[in-house]
Structures are given as C-alpha cells and as structure tokens.
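One chain, chain A, links the two complexes that follow: it is found with chain B in the first and with chain C in the second.
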Partner chain A sequence: MDHFARLGLPATLDVDAATLDGAYFAAQRQWHPDRFVARPPEERAKASTEAAALNDAYRTLKNPLSRAVYFAGLHGVELPGDGQTIDDPELLMEAMEAREALHESATAEAVDTLAARARRDMEQALAGLGTLFLRHDNAAIRKALLRLRYLDKFAEEARARRTNLQRVKA
Partner chain B sequence: MAYSEKLIDHYENPRNIGSLDKGAEDVGTGLVGAPACGDVMKLQIKVGADGLIEDAKFKTFGCGSAIASSSLVTEWVKGKTIDEAETIKNTDIAKHLALPPVKIHCSVLAEDAIKAAIADYRAKASKKDEPQAAE
Partner chain C sequence: MSLLEIHEPGETPLPHAGEASLAVGIDLGTTNSVVAIAREGVPAALHDEAGRALVPSVVAYPDAGGVVVGDEARLVMVREPRNAIASIKRLMGRGAADLHTVAGVLPYEVEPGSGQTDMVKLRIGGKPRSPVEISAEILKALRIRAEAALDKPVERAVITVPAYFDDAARTATRDAARVAGLEVLRLVNEPTAAALAYGLDKGSEGLYAVYDLGGGTFDFSLLRLEKGVFQVLATGGDASLGGDDFDRAIAERMLDERKRDGIADEIDEPAVKTALALARQIKEQLSDHGQASGRLELAGKPSFHAIGRPDFEAMIAAHVARTVDIAGNVLADAGVAAPDVQGVVLVGGSTRVPLVRARVADMIGKPALTDIDPDEVVALGAALQAEALTGGGDTLLLDVTPLSLGLETMGGIVEKVVPRNTPIPVQLAQEFTTYQDGQTALAIHVVQGEREMVGDCRSLARFELSGIPPMTAGAARIRISFAVDADGLLTVSAEERTTGVAQRIEVKPAYGLSHEDMADMLYDSLDNAETDMTQRLLAESRVEARRNLLALDAALAKDGTLLTVEERATIDEARARLETAIAGDDRDEINAAAEALEAQSKPFAERRMDRGIRDALSGLSVGELESRVGE
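This part shows the complex of A and B:
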C-alpha cells in the first residue's frame, strides 16, 4: 500500500496540510496501542506495525520535497541513492557557487539574504513540478528534484552557518 | 565511531584547497555531486608539457570524509601521468583513510571527480590537436 492510500488520500503532488493532518490523526487513533492493550499479541503486533507505517507515510507526505520525491517515485522517476554520483555541470555549478557564497558570508544578514533566495528558488521549483508531471517529462522532473535536493541542503547549511555566526558574536 | 588518524589529518589539514583556471588549456576540471547527501566536489588538475600532473586543487562541500578523500586524491595524483591517475580506485582511497562503511560513498565521489577532471583535460587536448582553419 502506498503512503497516500494508507492515509486514504488521493495520490497527488499537492496535499492540503490540514487535510493531511486530519487523515493522519484519524488513522492514528484507529491503530493507537491503547486500544489494543487487551487484544491478543498478533493484533497488538499488527497495530504497532500499522502505526509505524502511518508515521512513515505522514512524515514523507508532510514535507513538500520528500512528498514530491515520493510522488515521482510512484511515477517511475528514480533519484540517485547513497553512493551514486551525478555530473550535471549546470546543476552542480549552481550548488557549488551557492555554497561558496555561503561559506564567504560573514554576517547573519548576508546568510539571511542567501537563505531567502534559496527559499524562493525552492518554492518556484516546487510550483513548477505540477506542469512537468502533466507533461510526463521525467527527465525534467528528475533534474528539478535533484536541484531541490541541493537547495534543501543549502537551506540546512545556511541555518548551521547562521547559528555559528551568532555564537561567535555572542 | 573512531576515525583513522590519516582521515582526521586530511580533514583538519586539507592539502591543495583552491581553484585552478578552469578556462586554461592545460587544466582539467571535474565537478561531481552526490545528491543523496548534498555533497558537491570540484577537483582540478594541471598537466605539464611532459604529460605529468604538476598541480591539483580541490574544493569540496560535504562531510569530513568527502573532504579527506578529495584532499588525498590531489596529493596522490601530483607527479603522475593522467593514465596513472586514472587507475586510482575508490577502494584505494577508502582503504588508505580507513573509511567506515557508511562513508565509502565519499571515496566514490573522489574517484569520479578525478576521472571527470581527466576526461575534461582529454577533451580539451583533443580539441587543441584538431587542425585549425586557416585565417
């Protein structure tokens, strides 16, 4: 069963956050361990498996990027896994230059400016995915998702950089 | 998890950080990435008239093992021919630095980076050898 089906939702790229939360909490109640205390061991085991699968589904679908990657996987777009490398010069040059700029940024304000741009780029790239899926352009979907992965990593590094700069200042 | 002394040394004192002129004819640039962990690695070689790699530089944004792997490769390739440099295997890197199994992919990235740099250098060299149109 895929993550969408598990939560009783249609498999779509865009998912309304409140709808997702509602579906998750309802399903979670159904499989809550408290309801199975007095049940036979095999039923308790099933409930705990279901609850774990639900958490996994919810976590994957809650974040727009992991949801998009998952949705793409359902449509046959596979991204490189651990230990697999890519050599797309355009994408990697953008990632390299962004990381260099972050590395050289000396103030929290400079980091914020870079982070805001990355957020904008991410929002735009995520918003553009729908059209790519309609066109079944798997190559473009793959490239957009790889770019999003790097933007997401950049955002993570920017947060770390900001924390460091503030620590030095304090 | 304990890291080897060699790994820590390359991480704390990375060799050959920097950039070479990407546009120069005697410079080959390899740019590779591992999207699963968001690492990006640039490795460059400068090949002398005698066919030996006279300089190598790298720039890596990634974990300590990725930095150490690329630092080690720049050190290894200096003074080698490109054919010799091409034989460097990720397993050699992983063994030398005693990379833990979960970090083996960092050595794969370094092998791919040196291979890409060599390929770029060769592409430039073969273009240079093509007969030029008379002016």
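This part shows the complex of A and C:
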C-alpha cells in the first residue's frame, strides 16, 4: 500500500497540511500501540507495525521535498541515494558557489540572506514541479528534485553556520 | 459495610484477592520521585502519612541493616554518608567516563573495574550495587506508598523518563521497574507527560513548549495540542545538565574559599556529600532571597560562606545559556518561530531559580506557565496516561525519537537510519553491501547521537551478520532494519537479501545489563523480599483496621442504642487501643487490638443482625416470607 492510500488520501503532489494531519490523527487513533496495551501479543505487534507504517507515511508526505521525491518515485523517477555525487554540472557549479559564499559570510545577517535566497529558490522549484509532472518530463523532474535536495541541505548547513557564528560571538 | 464483615485478622492474608490491580503514574526523578493516580481524568499525587507527595530519590543501606528510601535515607546520609546515595538517575545506563566530580572527587565510591564497557557500579554500604537495583528500591518504596494509599495492589505503572534519555538509560529504567515488581505499561517522556497534565487541565490548543530542568537532566519539547491529540513536533536536551550542576558550582566555590582562607581540607567522598547538601540549601534560599549563607564543617573545621544572587547567577549563567541554546535548536528543528509558541510550561524543581524563569520568558516572549506544581506535574501526567492505557481514554500521545540512530560505516562515519524527531513507533531500513570480494561477514555497530563520527556518538550495540555467501564486492544486499517501539526502545535486525541469511537482535546497549546482572538483581530483590513483605503486611493491617473502625463508627451511629452504657464503654476502650496500635509500627499489635475489638463488639454485632432480620421480616405474611426465602 502506498503512503497516500494508507492515509486515505488521493495521490497528489500538493497536500493540504490540515487534511494530512486530520487523516493521520484519525488513523493513529485506531492503530497507536497505546490503544492495544491490554490486547494479545499478536494484535499488539500488528498495531505496532501499522502505527510505524502510518508514521512513515506521515513523515514522508508532511515535508514538501520528501513528498515530491516519493511522488516522483511512484511515477518512475528514481533518484540516486543521499550523499551520491551530483552528476549535473550546472547544479554542481551553483552548489560550489553557494558553499563558498556561505563559508565567507562572517555575520549571522549575511548567513540569513543566503538562507532566505535558498528558501525562495526552493519554493519556486517546488511550485514549478507540477507543470513538469503534467508534461511527464521525467528528466526535468529528476533534475529539479536533485536541485531541491541540494538546496535543502544548504539551508541546513546555513543553520549550522549561523549557530557557530553566534556561539563564537557569545 | 456492616460490622459483621470484620475479619479474623489472622485469616485475611490477601484482603484484595480477586480485585483488579491499579495502574499508577511514576515520576522517577533525579532529586525527588512522585507517584500519582488518576481517576476519571482527575490526577492526584499520593501522599505519605505526613502529607508529603515528594519522595527524595535517596536510597540508604544503614549499618543497622535493611534498605531505606526517601526522607529516612536522607537522615542516614548525614549519619553514615558511605551508606547512602542520591541522584542515582544520573548514572542510569552510564559508564565511568560520564561521571561528574566536585573538586576532583566523586560524591560516591565507584566499584573498581566497573563502568569501562558496562554500566558503572557503586560501592555503598560495603557492597557493589548497580544504578538499576538502587532505582528499583525507589520504585519499590513508591509502589508500597501507592498500595497503602489506595488499599489495593499496584502492579502496573507508567514511568516517565527524560525525553533525551538514550536507549541505555531507558532500558535501565525498564529493568529497574522489573526488579521492583512493576509492569511498565509505557515509558513516557517527561515533557510529554507534563503537557498532558496541562493540556487536559486547560483544554488548550495550539503550540506549547515544555521546559524541563530537573536535578540532573534537561529537556525541551515542542508540542502541538489539538482535540485530545498531543503531538510532539521536536525535542532536545542534555541528559547530564540540571540543578545538581548548580549545587556543584556552589560547593566548588565554598571549597575554594576554605582553601583561600588557609583551611587544609582532605576532600573525600563524605566531605563532598556534606558540601553538596549545604550547597543545595543555599541554592534553594537564593530562589527567594537576594543573599544566602551557610556554615560548612568538614573534619571539625568550620567555615562560613555567603553567596549573593548575582554571584550565583554568574556561576550558573553558562548552564542556563546552554538550555536556551538547546531550546532554540528544537524550535528551529520544528521550523517554528518563538512568538508562535502560545505558552511554555515549566517543569522540574530547578525552574524555581529566578534566572531560569527570566531567560525562558525572554526566549518565548511571554511569562512561563507554572500553575501546576513543577515537582508534581510530570507524575500527574503519567497517572493520566496510566488511566488512559488501562481504562481506555480518548487522548492520543504521539511522541518522537530524541536522538538519531545510525550505523558505523567505513572510516568511522555514522550513517543515520532513523533521524531525530521521527514519530514513534517507527521501522526504517537501509541497505548496505560488502566491500571485499568473498566477504562472508559484516560487523554491525549501532550508535545513537547527532555527531558525524562514531567516536562522538554513544555506542549502543555491536553484532556480526555472518554466513554471507562469498560474492564479489558490492553484490550482497544487506538490509539493516531499525525498529523503535512506543517506549522509545530499539531493536535492530539484519538480513542478507539475496540469500535470506537473517539475524535479529534486541539491542542490549553496551551500558545495559547483562542477563546475569539481571538475574542477580532479581535474586537480591528476593533477599529483600522479606523486608518488603513485612512493610506491605503492616500497611495492609493498618488499612484493614482503619476500614473496620469506620464500619464500627457507622454501626454505632446507627444502632448505638442497642448497647448498655457499660458495653459501650468497653467497646470505646478497645477502639482506642486499636487507634494507638495503628499509629505504631507493630503489625501483631494492630492485629491483636483489632481482634480484641472484634470480640468486644461481637454481642453488638449479633444484636444488630437480629434487629436487621426483624426489620426485614416485620410486616410480611408467611406466604411472602416463603417466597422471599425462595429467592
């Protein structure tokens, strides 16, 4: 069963956060192990497996990037595993330049500017994904997702850098 | 209850046989522990005879023999410092490298050789004892208190743990409960329990944070509350940061001042214990006063120390700043800005420190919520959850993993399999492969923590998947699965997918207990079972006797006219003797007095029965009487 079906949701790229939460809470009310404390071991084991699957589904669909990657997987677009080398020279260049800028930024404000740009780029790329899926342009989808994954990582690095800068200051 | 139901005291070994056992909530704290029960959604802490809810988490093995817990153990600590231990929670699932000293000295004696690759053991009262068995004594004392207060056997509990407790510490807590004869319904994270107590109380909705600074641990959790759902969005903390650190800072200061004044101290374990006890008093005074002072006497040499609040705040500023840092990271993890948090709940005695309150209020931009006693709120939440788990309830607790779980890969790098803040229960798997031609085994090293290198994370378990058929490097497909259950406990299994060679292990953390340790402890607890049994029987006799007194009083109020003045005087006298016996500690005396009272009141009981029968029969015709008998 795919993650959308498990939560009783239509398989779409965009998912309303409140709808997702509602479906998830309702399903957990049924399957959470807390509801099975007094039940026989087999039922408890089943509940635990179901609840874990629900958590996996929820976690995957909650985050727009992991949801897009999962949705793409359902449509036959496979991405290399995390930490694999980037095979897109254009993206490689963008990533190197951004990392350099992050490395050179000496204030929290400078880091914030870079992080805000990364977030904006992410939003734009996510918004553009729908059209690519409509065109069934799997190569473009793959390229866009790899870029999104990089941007996400960059935002995380920016956060770490910011924390470090503040710690040095304090 | 009629007076006829007075039992032969000797013939009621189990007055509660057949009754369902109750489930309680237990906050097993670093400094104090609390047991509570919830009935129909209303939680209450259980008090001792003196009305105290807090049981100091101190265990003592006095020279006189036996084990004592709580206030009594605190007294032993003053008299016989080497026979008592406080703050044992800090050592749950810990090794020797995790211990904190004062002036280079530990406030306890570590059993030589322990704590290198296993859980550290302490030498107390001349015997090596593990943190698990010491914690079990606290849990046992709480169980006995609950049974006395509730007049029912208590065999099941929800026990709270710091959200940031790692797998080793959680497992150790579960083991301690087992040694204490308690079935753990669920380990619940302390901040989540606190939110439960607040949320149900207030019917709140929205984003709430819980700032929990106890004696030895710090947790910060962000939750979303919505229609009975308590969803933890992110959590973080430090399992080794708390009020004890504040005490240590003050103790170090006092010892430095003595040195400065030319007092040559031989600092040993009892000296450190004495200094820490005074430091704690000073710290507590500083919560209400701008200045506090105390007299420290070590080896007959007294010194006088005065500490102002600004001094104290300077000493602890770095610790408090660290908590605010951690809180900021938790908010960032959840992608939530501080102003969006509707309220922050303060939990733990250390949140009474004014600097802590001020910093928390600064961070969130609103004053913190403190309406529920910060010492009791966690136990109250645990009690609510215990009721929900046994009686059914509509609340839903959705918690997360506090720390990332991963595997060591080539070069000592950690590959994360379950990231922190993943909702639990969770089952996630990752595939690995062999890196040498013909490789037939794979060493699997499970670690917990956020750092990239294995050496910086906590090692949980090592095992080997063997019997992989020889293949070229990279051809094997080894799937390693991590399952974290609703208690936050981890199980790891590995499987070679091309051939189906499977191996499954319950992760027994490196700092956990071996089966032998566990068996020893269970035997030990049997050794102490006699003492436990005596205490339990005493409690039961008291409860039983009180119940009979109540029944007698009710009967006297209703049918007192059946007695002559002399008879009444005899009963009153026997009644008074039983009251005195209940106040004492001698079970035989209570039973004897109860028996005497029963003998004295027997004619009264018989007369009441006669009257009861007459009343029931009066006005009935013989026909009606026969049909009644037939019923």
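Note that in this section the second predicted complex is superposed on the first by the 166 of 170 C-alpha atoms of A that agree within 3 Å, B and C clash if a C-alpha of one lies under 4 Å from a C-alpha of the other, contacts with A are read in each partner's own complex, and residues count from 1 in each chain.
Everything below uses one rule, namely that a residue touches a chain if its C-beta (ideal position, glycine included) is under 8 Å from a C-beta of that chain, and two chains touch if they have at least 3 such contacts.
Just so we're clear, the structure is a prediction, and the values are computed from it rather than from any experiment.
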Partner chain(s) touched by A:N55 [first = chain B, second = chain C, both, neither]: second
First, second, both or neither for A:Y150, with chain B first and chain C second: first
Partner chain in contact with A:L92 - chain B first, chain C second, else both or neither: first
Which superposed partner A:G76 touches (first chain B, second chain C, both, neither): neither
Touching partner for A:P10 - first (chain B), second (chain C), both, neither: neither
Touching partner for A:P41 - first (chain B), second (chain C), both, neither: neither
Footprint overlap on chain A, comparing chain B with chain C: none
List of chain C residues in touch with chain A within their complex: 185-186, 226, 229, 231, 321, 325, 329, 332, 385, 388-390, 396-398, 422-428, 483, 485-486
Contact set on chain A toward chain B in their complex: 79-89, 91-93, 95-96, 99-100, 103, 146, 149-150, 152-154, 156-157
Chain C contact footprint on chain A (complex, rising order): 21, 25, 28-29, 32-34, 37-38, 48-49, 51-53, 55-56, 58-59, 159, 163, 167, 170
Residues of chain B defined as touching chain A within the complex: 30-38, 40, 42, 59, 61, 104-105, 108-109, 112, 116
